[in-house]
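Naming follows writing order (A, B and C), and every chain is counted from residue 1.
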Amino acid sequence: MNPAFPSNRASALGFLATLAFGLAILFGAPHVLDTFGLVQCTGFAALAMFGLSQGFVWGFAGVMSFGQAAFLGLGGYAYAVSVINMGDSSIPVLLSILVPMAFAGLLGYFMFYGRISDAYIGVITLTVSVILFQLVNATSGSQYRIGAAELGGFNGIPAIPALNAPGHPDEPLDLEGIWYAAMGALILVYAFLRAVLAARLGQVIVAIRENETRAQLIGYDPRLYKLIAFMLAAGVAGLAGCLYANWGGFISPTVFALPMSAQVIIYVLVGGLGTLVGPMLGAVLIQALIIAAGSQTLVDSNLGLGIVLVGFVLLVPQGLLPVARGAALRLVERVRAPRPGKAADTLVTESAR
Amino acid sequence: MTSPGASLRPLIEARGVTMRFGGVTAVADVDFTLGEVELRCLIGPNGAGKSTFFKILTGQLKPSEGKIRLRDTDITGAEPHAIARLGVGIKTQVPNVFNGLTVHENVFVAAGRRKSAARTRAIVEETLTRLALTGIAGRIVGQLAHGQRQWVEIATVLAQEPELILLDEPAAGMTHDEVHRTADLIREINRTHALIVVEHDMPFIRMIAKTVTVFNQGRILVEDSVDKVLADPRVRDVYLGKQAA
Amino acid sequence: MDLVGLLAFNVLTGIATLILITLGLGVIYGMMRIINLAHGELMMLGAYTAVMATGAGVNIWIAMLVLPPLVVGLIGLILERTVIRFLYGRMMDTMLATWGISLGLIGLVTTLYGNVVRGVSTPVGSFDIGRYGASLYSLVILVTALSALAAMFLLLRFTKFGLILRATMQNPRMAAALGVQPSRIYMATFALGAALAGLAGGVLAPISGVSPAMGAAYIARAFITVLGGGPAIITGTGLASTLFGSINELVSFKTTPVIGDVALLTAAILLIRVLPQGITGRYLRRSL
C-alpha cells in the first residue's frame, strides 16, 4: 500500500461529503425556503460557480486572472442573445460555455505563448474586462442588435427567456425549476473540476504551478496547460453567467465591471486559495454580507469589500477553509496523540484540494 | 575504454556552440560529442560555462551561435519540453522539484507523460524502490532535507525514462554514504543510458569517470581519460590550482 | 488642412493625457515591479481635492495643480505605511491589497460625498485652428504632462535622491549594502507615484465628470501604457504614450472613443506577444 493513499482517501471522503451536502441542499431547499429565499439561493449558486472558476484558475493553475468577470459577462450575453434568437435554450447554454472558452483561447494564446509575467497577466485580464464593459456599455440604440436581440447598452437586456427542457421552448422552467438547474449544474461542475484535478491533466496543471521549469524539463509544455486551464475556467464562468442571466431574466454590462472581478477574487481569498469548496462558501458568505449591507444606506458596500480584501491579504492570506480545517485537524491530533506530527500538515495540504 | 566520443555513433553532438550574455561570453565555440551509453564527466572552475552548456543542451537557453544534434534531430533552439520529449532528462544545479506535492506525486507526474495508468504506476513503484524513497513517498517534498530533495529530483529524471541524463552536481550537499550510493547509482544507470555529469568532487569523479571534459573560461581545455586529465598540469593550473587558492 | 491641424492637436493632447495618467503608475511599477491597482482611485481623490478646493474658494490653478499632488501624495504615504510595506516581496499580494484599497476608496468617497457626478469649470476658453475650435485647456494638459515628465527626468537624472532611486531600482541588495534603506526608497516612491496620480486627477477634473467610480474610465489605458512601456519609467511612459496615444486618438476620430480603447488594447496585446516585457524591456534598457 502506498503511503500517499491515506491522504487521497481523506480527500475522497471530503469530496463525497461535499457532494452529499450539495445534494441535500439541492432537494432540501425547495421544501424549507419560500420562493423569495429560493430565488436568492439560485443567485448564490450562480455566483458560487463563478467562484469555482476563479478558484480553479488561480488556486490550481496559478494563473492570476484579474478579469474573470469578462467570461461571466460573455457567457451571460451569449446565452441572452442566442436564446432570444433561437427560442429553445439548449444551444444557447452550450454557447454560453463555448463563446467564453473561445475568447479565452485567443486571449490566453497571446498571454501564455508570449510568456508574460504574472503581474502582466493580471493587468491584461483586468483591462480586457474593463474594456468589454465599456464596449457593451456603449451599445445602446436599436442599431446595436444581433438578430432579434437588442444589446441595449447600459440598460442591458431585459426579459431573457428562461431555460427550458430541450425541444420545448414554449415550456420555460419556473423559479423552482431554475433552482434545480442552477444548483444541479453547480454540483456537476464541482464534480467535473474534481475529476479534472484527480486526472493526469489536473496533476500536470498543479505541477506547473509548483515548478514550471521542472514541468518543462520532464516534457510538459506549460503554455499549453495554462491555456487549457484558463479556457476551462472561462467555460465555467460562462455557464455561471448563463445561470446569472436566468436568475434575474436580465443582464446588464455590470457583469463585466471591475467590482464583479474583484468580488470573485474576494470569494476565493476569503474561502481559501487552493480549494474548490472554499470559493463556493466564500461566494455565499460575501453575497449574504452584501445583501445584508445593502439594506442600510449609511456605508457603501465597496468600503466593506475593500476592507475585507486588504484584511485577508494582510492577516488571513490562506483563507477561512484551510484555517478552519487546520484547526480542526490539530484538535483531532491533540485528542488522538499527545504530539502532533508532520502527517497532519500533509493531510491538510492534500485534503484541501 | 572509449576514446572521446569517436568510436560510437554520437548520441548528442554540439558544433561551434557559443553563448553570449551582453558583453560576456559564457560558452565559446564548444565542440562536444557524446556516444550512445557513454558516461562523461564535465569539470572546470566555477563560471567555466558548464551549467550554461547544460542549459543550452536542454533548451533553457538558446545559443547565440552553433548547432546541436540529438541523433538525427537538430534541437538547436528547441523548447525545453520538446527536447525532454526526445529523451533528455536533467537534474539541475539548484534542485527543481514540485515543492508542494508529495514525493509520490512528483515521480508520478514525471512518469506519466503519454503512458498508460498501469505502466505509469509500475514506473513509479520501481523508481521509488530503486532510490529507496518508498518510505517517504507520502511526504511533501518542500519539507524534506536538501539531500533527500536531490534524490527526489533524480527520481523524477529517471521516471521520465530519458535516454540521455544530465546531472548537474548530483553529489552536492550529500553525506559520505549518500555520495557512494549516488556513484553506484550512476554506474548502474550507465549500463543502459548515456550520462553527462558535472561535479567538483574529485574522489567522486574518480569513482565514476572514464572520460573527462574540462571546461575553462567557456572553452573546452582538454578532453581525455580520467587519469590523464587529472594528471594534466594545465588542468591543475586552471582548476585545482584555483580551487586551492 | 484645418482638419489635419485639429487632428494633430488632438493626437498630441491624447498622448499628453496618457503620459499624465500613466506616469504615477509607471514610477511605482518601474521601482517596485508592482501594478498599483488603486491608481485610478488616487486620481479620483486628486479630482475630489480640486473640486473641494475650488468649492472652498481656492484659486483654481492652485486647486488643480498644487493641492491634489500634495494631498494624494500624503494619502499614498499613509497607505504605504499602513498596508503596502507589510507585503514587499509578495508581488501578487501587493497587487491584491492595492485592489482592496481601490474598492475601499470608492466606497469611502461614495459614503462621504454620495454617488453623484460633480464638476469643476474649465478655467480657460477655446482657440481656433482654422475653421475649427479647439479647447485651450488641452494646452494646459499638454504643458502639465510634459512638465511632469521633464521634472521626473530631472529628478532621476540629476538629484541625489534620483541617483539613490536608480541604484535601488537596479539592485536593491547592493543599494542596501551601501547604506540605503530600500524600504525608505519604496515609501518615497509610492508617495511620489500617488502624488503624480493626484496631479493627473486634479488636471483632468475640469474635463471629466468627478465621481467615486471615475478612475475606472482611465485605468484601462494607463495599465496598458505601463505594460507597453516596460520598466524604464521616463522612456517607457513616453514611448508607449506616443504609440498608444496616436492609435487611440486616430481610431477614436474615425469611430468612437470606446472603439479607440479596444484598438489600444488590441495593439497592446499584439505588442506584448512580441515584446513580453514592453518596449523598454527589450530596447533602451539602460534608459531612465
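Definition applied: a residue touches a chain if its C-beta (ideal position, glycine included) is under 8 Å from a C-beta of that chain, and two chains touch if they have at least 3 such contacts.
Every value quoted in this text rests on a predicted model; they were computed, and no experiment measured them.
The set of chains touching subunit A and also touching subunit B is empty. Ranked by how close its C-alpha mean sits to the mean of all protein C-alpha atoms, the top chain is A. Greatest centre-to-centre distance from subunit B is found for C, with centres as Cα means.
Separation between the centroids of subunit A and subunit B, computed from CA atoms only, is 43 Å.
Work out the mean CA point of subunit B and of subunit C, and you get 49 Å between them.
Centre-to-centre, using mean CA coordinates, subunit A is 32 Å away from subunit C.
Across the assembly, subunit B contributes no residue in contact with two or more other chains. For subunit A in complex with subunit C, the touching residues are 64, 66, 107, 110-111, 113-120, 122-124, 126-128, 130-131, 134-135, 137-138, 257-259, 262, 265, 269, 298-311, 313-314, 317. Across the complex, subunit B meets subunit A through its residues 58, 60, 79-82, 84-85, 89-90, 92, 96-106, 108-110, 112-113, 134-140, 143, 153, 156-157, 160. Residues 2-7, 200, 203-204, 206-207, 209-211, 213-222, 342, 345-346, 349-350 of subunit A are the ones touching subunit B in the complex.
Residue ranges on subunit C touching subunit A, taken from their complex, read 33-35, 37, 83, 86-87, 91-93, 95-97, 99-108, 110-111, 115, 212, 216-217, 219-220, 223-224, 226-227, 256, 258-259, 261-262, 265, 268-270, 272-274, 276-277.
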